[in-house]
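Two complexes, one shared chain (subunit A), two partners (subunit B, subunit C).
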Partner chain A sequence: MAVLPPDLDASAFALLLEELRGAVGADWVWSSDDDLGPYRDSFSPVWDTAEERHASAAVAPADVPQVQAIVRLAGKYKVPLFPISTGKNYGYGGPSPNVSGSVVLDLKRLNQVLEVDDKRNFALVEPGVSYFDLYRHIEERGLKVMIDCPDPGWGSPIGNSLERGIGYTMPQFRDHFGASCGMEVVLPNGELMRTGMGALPDAKTWQEYRYGFGPDPAGLFAQGNFGIVTKMGFRLMPKPEYYRTGLITVPRRRDFVKLVEHVNYLSDSSMCGEAVYGSPLSRLMGDSQFAALATKLGGPSDAEMDAAAERAGLPSWQVDLQFFGPEATTKANWEYAKDRILSDIPGAKAIDGDHFPLPATEEQLLNTTQPYQTGIRRAGALGVPSLGIWRIVGDDGHVGFFPVLPRSGEAVFEAQRVLGDALKEFPLRPFFSATTAPLYWHSHCFQLVFAPSVKRSDPDHNAIVHRAMKKVVAVAAEHGWGDYRAAPIYQDDVADTYSFNNHSLRRFHEQLKDAIDPDGIIAPGRGGVWPRRFRK
Partner chain B sequence: MNGHKIAIWVAVPALALLAAGGVSLAQAPRQPQALPKVVKADLPGRVIFEHQCASCHGAGPGDDGAAMLPGTANLARRYQGDLPAALELRDDLDGDALRLFVRNGIGAMPSFRKAELSDVEIDEIAAYLQATATLSQGG
Partner chain C sequence: MMDRRELLKWGVAVPVAASVPAAAIAAAPDGVDALVLDSRVAGAELAGLTAPVTHVIDGDVTALWYHTLDALWRQPGFVLGGITGSDALFVLERLAVDRGRRVISRKELRASDAGGVAAISWVIAPVHPSVTKA
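And then the complex of A and B:
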């Protein structure tokens, strides 16, 4: 489906393509349907519908001066650019743009790991570098730092952090944007800017002191459209000497409240890595009688759930804990966690897990040495990028809604009930029940997950998914739970929910956008921020 | 999935092994899987395959006790033994066949852009797969 950029006719578009070829070489500009196919969102629920967003062309620069040249050409022709890093943002739109007719600025060829320092513990990379690339760079050189990577290792540290993606190690590294330090940005006028200490020409601390002096605009470039990030620094964890796991179970439904409070203490005190919550009762969801109870309208009572747990001989909740550091401190932290929780929650039990010096053996990395089945995915926990997680991707992919919740048991119980009830009208498998456990990805909040699959051959199913996504965003917001990240087709829905004081945040972003990017050429609509030219 | 981050592993502990009132657990039994023997050809496509394809389509085991990597497991389900599930054991995939899947994707496998995997590199992968399949068959 050939499309033209907004407000550009075919002859002007042909001139733009010719100038782009002159800037980067003819081999790195694409505009045919075949070549643009991979720039569609493979996981789109609106595939082949009027709502799908299509690129008009794609261009892949080799270096920063070429990025600047492309941005200046986009300004000359007033054509929207949609920058991507490795283009693997699946579940959140993949490489597809917000505005049909955008030219995708494919940064995959900017693929240099510029620096890794394992004494001061940071990296500086370009956007086309993947987690696999960074991991290989570190391992091939025997550097003593560990990365924190998301589930699929083909993503880009820059792209992932700009989407506020997460990983699975210690709290200060799991929030990938939070662990970033210093960026280089091509602004909408083509000018190059560096943030933080990078603005001081001779500074040697670009990746160590994030702020420099004065306002720090770095946050504008995450889920934003104020420039194109071409370099970014990341703090790295020194390779730990030892790794240890342990499982805590608690018998009653309401025990979850105290369990969460204890784990919050452990995590905020930097005593443990990602805590992985679960409910052993989820294994009963195949039983129709139990499933009906767990998904009951208005939610089951604590007594009903406790009785079901007792009948099944199962605890109500569990948490997988993991510890990094010297062997002695991992042991001490686990012993402390056990003592703290078991002395406070009657009936709580603790099970010693795996423990071994790092680096892990192949068997340890494959997670075949854990003395019980675990919710921890070992590769991610040890900062080893993988695509093993793709085994959960069914049909033709999925979309995702991940509301941000308070880190409390009560909030989880409320969200289970509210979101479960809200989605009952849709014929999809239940994502929320009284056994739904929170994700502890970002280090100071919980999230839940709604990620229904899409089926390219079943547009009726996709339409149901699409409606369900829009409804769950709205219902969650009514209860104070906002999504953290969204595909372009949902970004306006999500941005609309962040509406305090008559959308003052959005109006502030729009004022900035109009001042910095008056022609609206950088990713109009990204993050729900529309330049004047495109505002309705 | 953080890219992308859709991490939905429903934790299912081996709680049947929990002794009532106790915390001792037996080792959860795991059956070792016989992995196919792959003799890798020393061709330029080897590194490309290892960097671009092997994390899903390699012949090794999957994460966290899974017998196969996700792409290999999908092909095993699709072919039901009629064809090898591991791409390195397939001698029938030329560059055009690979391009069809790489550029269009299939099911959960998304498509790949020329900026990340060129047509020349796809041909090099095809040559590597054919040579590796032949070597692995003892040919």
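And then the complex of A and C:
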């Protein structure tokens, strides 16, 4: 499906392509349908509909000067660029742009691990470096640091962190943008800028002190469209000596409130890694009577759920805890967690889990010896990139809505009920019930997940998914829960919900965009930020 | 190297789709350099199938990628065939594109199961000049 950039005719587009070929070499510019196929969003619920966004071309520069040259050419022709790192942002739009006709700027050839320091514990990488690449670099050199990677691990640290992606280790590393320190950016006029200490020539602390002096604009480049990040630093965790797990269960539904408060304390005190919550009662969802109770309009009462748990002989909630560090401290932290929680919640129980020195063996990474059912995906928990999660991705992928919630049991109960009720009109499997547990990915909030699958062979199903996504974004926002990340086709919907004081945040972003990129050269529409040219 | 006749026998080599670039067809040699068999979908009848190298996976391509393909696909050449679940092929196809390669043939051997996973035979070959030129 050939498309042209906005406001550009075919002959001018041909001239642009010719100039791009001159800048990067003919082999690295693509514009045929075949070549652009990989730049479509494979998981799109609007696949082959008028709403799908298509690139007009793709270009892959080899270095930063070529990136600058491309940006200047895009400015000359007023053509939007859509930068991608490795383009693996599936569930959130993949490599597809916000504006049809954009030229995808594929940064996969900027693939150098520039530095890993295992004494000061940081890395500096280019956008085409994947988590696998960084992991291999560290392992092959025997460096004593551990990465925190998403699952799957084929994306790039830069791309993932700029999407505010997450991992599964200790709190200060799981928030990937939060763990970044220092970036190099090509601005919409083609100029090169460095943030933080990188702005001070000869500074040796670019990856150690993120602020430098004066305002720090680094946050503008996450889910934003103010520049193209070509280098970025990340703090790394010193490789721990030992890993320990343990499970705590609580009997009653309302016990979840106290359980969460205790785990918040442990996490915020840096005593544990990602806590993986679950409800053993979710095993009963195959029972139609129980499923009807757990998803009933308005939600079940605590007494009803407690009675069901008692009948089944199951606890209402559990949390998988993980500890990193010297063996003695992992043991002490686990003992402390047990004492703290079991002494406060009647009927709470603890089970010791696997524990072993690091690095883990292949068998330990498979996580098959845990003496209880665990929700932990061990590879990710230990910073080892994996592709195994694709075995559980059904149909033609999915879209994702992950509302941000307070870290409290009450908030989870309310969201279960509100979102469950809101989605009842759609013939999709229930994502929210009284057994739905929160994700504790970002370090200081909870999230829930709504990720319905898409089916290219079933446009009616996809249309239902599309409507459900738009509704759940709106309903969640009415209750103060906003999405943290979205595909281009939903970014305006999500941005619209961040509307305090007549959308003052969006208007501020628009003022900035108009000032530095009035023609919308860099990803117009990304993050819901449109320049004047596209706001007509 | 497995020849085309043997590939055809096992349903791996199929007519190349009309949309495949001519360069891909030209780049594809007579056989594959290695074969990937997914134990979830490749049945006992494939037990005797041989290729210069056979990689058996259980749907998870992590080890195949990390220990083998990541390095091989940085170099020119290397044609890979496989009979895998559609989910494993999805992953391999995306990784292949990053390294200038494409799926040049694809045939559904078994329709999608309840989990949406079909059995597919396929061939991935280098198409970009950076990996087709010696």
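Throughout what follows, the second predicted complex is superposed on the first by the 535 of 536 C-alpha atoms of A that agree within 3 Å, B and C clash if a C-alpha of one lies under 4 Å from a C-alpha of the other, contacts with A are read in each partner's own complex, and residues count from 1 in each chain.
Please note the rule applied: a residue touches a chain if its C-beta (ideal position, glycine included) is under 8 Å from a C-beta of that chain, and two chains touch if they have at least 3 such contacts.
Just so it is clear, the model here is predicted, and its values are computed rather than measured.
Aligning the two structures on subunit A places subunit B and subunit C in clashing positions.
Contacts of A:377 after superposition on the shared chain: subunit B is touched, whereas subunit C is not.
Set against each other, subunit B and subunit C differ in how many residues of subunit A they touch, and the higher count belongs to B. Applying the stated contact rule after C-alpha superposition, one finds that A:205 touches neither subunit B nor subunit C.
In the superposition on chain A, contact is made by A:108 with both subunit B and subunit C. Within the superposed three-chain model, A:150 lies in touch with subunit B and out of touch with subunit C [touch as defined at top].
When the two complexes are overlaid on their common chain A, residue A:159 makes contact with subunit B while staying clear of subunit C. Contact with neither subunit B nor subunit C is seen for A:329 once the two complexes are overlaid on the shared chain. Put simply, subunit A uses residues 34-35, 38, 42, 86, 88, 108, 132, 152, 154, 379, 385-388, 390-391, 393-396 to touch subunit B in one complex and subunit C in the other. Chain contact summary for the complex, subunit C toward subunit A: residues 19-21, 59-62, 65-66, 70, 85, 87-88, 90-91, 94-95, 97-98, 112, 115-117, 128-130.
Interface residues of subunit A, counted against subunit B in their complex, comprise 28, 30, 34-35, 37-40, 42-43, 58, 60, 86-92, 94-95, 106, 108-109, 132, 150-156, 159-160, 163, 165-167, 176, 247, 249, 276-280, 282-283, 313-315, 318, 320, 349-352, 366-368, 370-375, 377-380, 385-398, 400, 437, 439, 441, 449, 451. Partner subunit C is touched in their complex by these residues of subunit A: 27, 32-35, 38, 42, 86, 88, 108, 132, 136, 152, 154, 379, 385-388, 390-391, 393-396, 453, 455. Residues of subunit B touching subunit A in their complex: 1-15, 17-18, 20, 23, 25-28, 30, 51, 55-56, 61-66, 69-71, 73, 103-105, 107-108, 110-116.
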